[in-house]
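Labels A, B, C and D are assigned to the chains in the order they are written; within every chain, residues are numbered from 1.
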Amino acid sequence: MEHSLTNATARVPAKSRLKPDTFPIHDVTCTVKSNEQINGEYYLLILSAPSEILDCRPGQFFHLLCPSKGGGNPFFRRPMSIYGYFPASGELHFLYKVVGEGTRAMAQLETGEGLKVLGPLGTGFTIQDGWQNLLVVARGVGLATLTPLAQEALQRGLNLTAICSARSPEMLMSVDRFRELGANVILVTDSEGSSGVENLERMIEAQIAQSGIDAFYTCGSNRLLKLLQRLGAQHGIPGEIALEQQMACGIGMCQCCVRSLRRGGKIIHERVCKEGPVFDLQEAMEW
Amino acid sequence: MVDIAVKLGSVELKNPIMPASGTFSEDLAGVFDLDLLGAHVTKTVTPEKRIGNPTPRVCEVQGSMLNSIGIPSKGASHFVREIIPVYEIFSPPLIVSISANTIDEFARICEKVSVPGVAAIEVNISCPNIEEDGKAFAMRPSTTLRVMKGLREVTDLPLWAKLTPNTGETPDVARAAESGGADALVVSNTLLSMAIDVKTRRPKLGNLMGGLSGPALKPIALRMAYQCAKAVDIPVIGCGGIATVEDVVEYLIAGASAVQVGTATFTNPMVMPHLIEELRAWLFAEKFQSVNDLIGSVRDDEAADSVVFMEAAP
Amino acid sequence: MVDIAVKLGSVELKNPIMPASGTFSEDLAGVFDLDLLGAHVTKTVTPEKRIGNPTPRVCEVQGSMLNSIGIPSKGASHFVREIIPVYEIFSPPLIVSISANTIDEFARICEKVSVPGVAAIEVNISCPNIEEDGKAFAMRPSTTLRVMKGLREVTDLPLWAKLTPNTGETPDVARAAESGGADALVVSNTLLSMAIDVKTRRPKLGNLMGGLSGPALKPIALRMAYQCAKAVDIPVIGCGGIATVEDVVEYLIAGASAVQVGTATFTNPMVMPHLIEELRAWLFAEKFQSVNDLIGSVRDDEAADSVVFMEAAP
Amino acid sequence: MEHSLTNATARVPAKSRLKPDTFPIHDVTCTVKSNEQINGEYYLLILSAPSEILDCRPGQFFHLLCPSKGGGNPFFRRPMSIYGYFPASGELHFLYKVVGEGTRAMAQLETGEGLKVLGPLGTGFTIQDGWQNLLVVARGVGLATLTPLAQEALQRGLNLTAICSARSPEMLMSVDRFRELGANVILVTDSEGSSGVENLERMIEAQIAQSGIDAFYTCGSNRLLKLLQRLGAQHGIPGEIALEQQMACGIGMCQCCVRSLRRGGKIIHERVCKEGPVFDLQEAMEW
């Protein structure tokens, strides 16, 4: 886990960093291009965004200042993974599930309204030089977090297989998006009985045997975490997982967003907003 | 040009806006030029490594927040070796916040952080400590006096005592801190609070209780800043719920010589540089030459002296 | 049908919703049927006539309010003669709130209002008093014990001690009130605060400082209610910032057996009858047979005991 | 100062009062019919209101729950005099000046929106049987408070003269309304130099000499209060004044709205929301 990742904010800032035009974190008001419900629970928010905030890495997130709408009055910002970033068209996409006050308010945003976003934040996924075959296994909103990996794989000419898991086929999002990005998509659902751990394990083992897998990427499910940790250990395949934790500042100051990790035989705390949200798969702990 | 420089004893600030301990770190340099600030204040550091409290460590309450971070700390040695040097590249005075469980440990860490590059030490006496069965030093005048005297003996750096709102004796505690050798008071830390999730019936914080900060704290901390400014001759630094330039002005009028901004930075990371510009503009519009003319200018002469130290309401 | 009746010692309430002292009077009968309420609580009455504080007596702060009404009172004799009889036509138990400057005066008024028609006496020990140089009795365990003992001697009516948040010793004060003979605790009164008009540079209250009430007070008073419920065996009545049914439920889960609603009635005079209906509906939806099953049901077992009485944050 | 005024809430409620259909104070959501700026500072708000809240007295007021609009978030309700109440058309009118957070929010109300109003509240003006000639002297928003008196005078067939004072002629509101209601309107303004105390005194003395005046009614100005107190004392003419004070509850519970009055050789406190806002002219004290 070295390479490409030039996440400036993860290190102590050098003096040169303090020049006004080089601050890597931006707090800007974007304009809502569209905000549509794509199925029962999920919304797709498309913002028109200035190019300086679109220099993102897959796995990074933005901290969104939800409006006081829909009766609520969310106080903190809400962290949201970058579902898509498009410097060419000046677009920033979020895929989100309505769960509480903040996301309820977000769902009320209308085209043309402003939304303050802070970012890009956190440390994203790494793809090591020489890797060829990447496997993404995700469920729920985790799919949003992992989709930009396919964009990066496409740019770099790598093979990416995405196993997308959901309760029922109607719940599967971002499958089209993954396909558009040239990923090899496998759908598994609870309702069809295909999302069980045994079935996944069989499919992954087959893939390892067939073309090999250089790295696992996952997010959002304890069950998937355990499975991939086991397979990774067995086959010596590295992996990464994006974790969630409640956030206040989003930029590393408040220490509220820590998660426990296993490292060097000890349990340590790291900040999801700063060292994370992406962590080494084997270091991650069930929750 | 309006003059917004202030002096807190021997510490000179180019403007009266600085961050509150625990709500700031060098990470904010990713957002704006930290040289703009009046001072830098570090997260409280303890003598030894501490892991901090269980998560969730923060929650929202009606327009404000609770936290029970629990002062995770890598210990004083790590702090002196790794963190203090980070601030060498910045020009504002560096204020180091310290805390400890006993007066001895407090003195030890105070000595340890009295190193070049540190402009003043903020003494966080608002945390529960074991010598006083879980009560913070700043809850009582006697313990405040004792700990400040202990620290005064071991350092020549200015000492800023950070008070707690979890007391009914603010003016007495303020005077005790002054007698003990404090060079300034920071008023105040967070107020012990609680929130429960009605669906799960669990406390919203892993630690059950935590400190209230943000707008809800403002009228309380402002009252304390006013009481302290009346009670002591050393400068008072206002802290609690500041989010707008009117909030800053309110504290300065009440007698604070400078202010610290905490929670507001979480929702609006640019708030401090904005406040500095807005304060300058406000003073200009109101025809003040210098911010020093605003400080302590509250028109309270018409109210009876006797109520000034009233300690209960209504 | 969900049972929402509660017992506060010998006082039976048909529901746990009652008004907070000073935010209620028979004038509210112009808006709804006061027989709907769990109890009636009168404005604090003092032995002698008092004029109250200068105006302005209230002001707004971010989503909450400050008041320094100052307990204007027509005196105890007028109260017994003119006010108590007004409540004869109502069925809920009548709770009379009293206060005084010295323990002797307190005992005198306590005796005086111990008359037929009064179900319990609420002892407002959260006001500044002259015997303790302006500090409220409820700021310290020792003075709380003394005043409650004094009152316990002169009346057979249940005594509810109303605590103040202006202290760092809530659990100790709660235990002192219980030892002194209190039959219930009301938690809590308002928190000393201040606001300044930045244009005129005058305090927004005629009395300079006043008490914070409304939503901003909730996390603080909820923490106190929780601490008190853990500290004593007598019932706790929650009070502070209650405006929604979730607020009511939060206090009950924390251990309060009933609640008082104050400031919310000012902006929404129908709030109490609405809360009664909403509480019934909430309990039904959550499949509770009786409100008593909710009271004290906080799931705090996973948190360390030691933090329960922590008195400072963070 | 006895008569007609059947302000139920001013007395201790009798048991009969507690029946659900007889509560005199209503908290209802009205619908905005229109809300228009009528000159630089003043707005006219017309609400569509249910008839049960339109059983009002001149001088009474409503307590308005201002919306969180225009950036503000007013906490307390705001007291506003009834400018007009029309049971027949189901309308309730307010004339208000934008001064702060609450009125700024009110000014943003749009047709069709709801506004919660509590009332009618307080003790209004009295017109004693046998009185024939009433004199109203008012300035600023005080005109709003006094206008319904003209409505009452018209209904009772009494003569009402309204001296309307303002900074400049453009600022004069409710003059048309007074005229519509058959009042004899006299305009005086600062800009024309006609609003001075000497001029007013001369006009009022002339009216006393000519047709006689049975009662004075005023509101809103210390200068007018002093003048009318003096003339009232000299000529034995009774009078009433509507006073203002900040309010929290609006219905008599919180004791925040007291004003000092001279009565029986002593200075006493009365609640503006309950015993007031209308008080005896001679009891009122300058502020």
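Here, a contact is a pair of C-beta atoms (placed from the backbone, for glycine too) under 8 Å apart; a residue touches a chain by one contact, two chains touch by 3 or more.
Keep in mind that what you see is a predicted model, and the values were worked out from it rather than measured.
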{"item": "Any chain that touches chain D and chain C", "value": "none"}
{"item": "Other chains in touch with both chain A and chain B", "value": "none"}
{"item": "Where chain A and chain D are represented by their mean Cα positions, the distance between them in whole Å", "value": "61"}
{"item": "Centroid spacing, where centroids are CA-atom means, of chain B and chain D in whole angstrom", "value": "49"}
{"item": "Averaged-CA centre spacing for the pair chain C and chain B, given as whole angstrom", "value": "32"}
{"item": "Chain B residues counted as touching two or more neighbouring chains", "value": "22, 61-64, 67, 69"}
{"item": "Category of the chain touch graph - line, ring, star, complete, other", "value": "line"}
{"item": "Interchain pairs in contact, sorted by label", "value": "A-B, B-C, C-D"}
{"item": "Residue numbers on chain C that touch chain B, as the complex places them", "value": "22, 54, 61-64, 66-71, 126-128, 134-136, 138-140, 164, 166-169, 189-196, 198, 200-203, 206-212, 215-216, 218-220, 222-223, 226, 241, 246, 249-250, 253-254, 297-300, 302-303, 306-314"}
{"item": "Residue ranges of chain C in contact with chain D within the complex", "value": "22-35, 43, 51-52, 55-65, 67, 69, 72, 86, 89, 214, 265-270"}
{"item": "Sites on chain A touched by chain B in the complex", "value": "8-9, 12-15, 17-20, 23-27, 65, 73-77, 118, 245-246, 248-256, 258-259, 269, 274"}
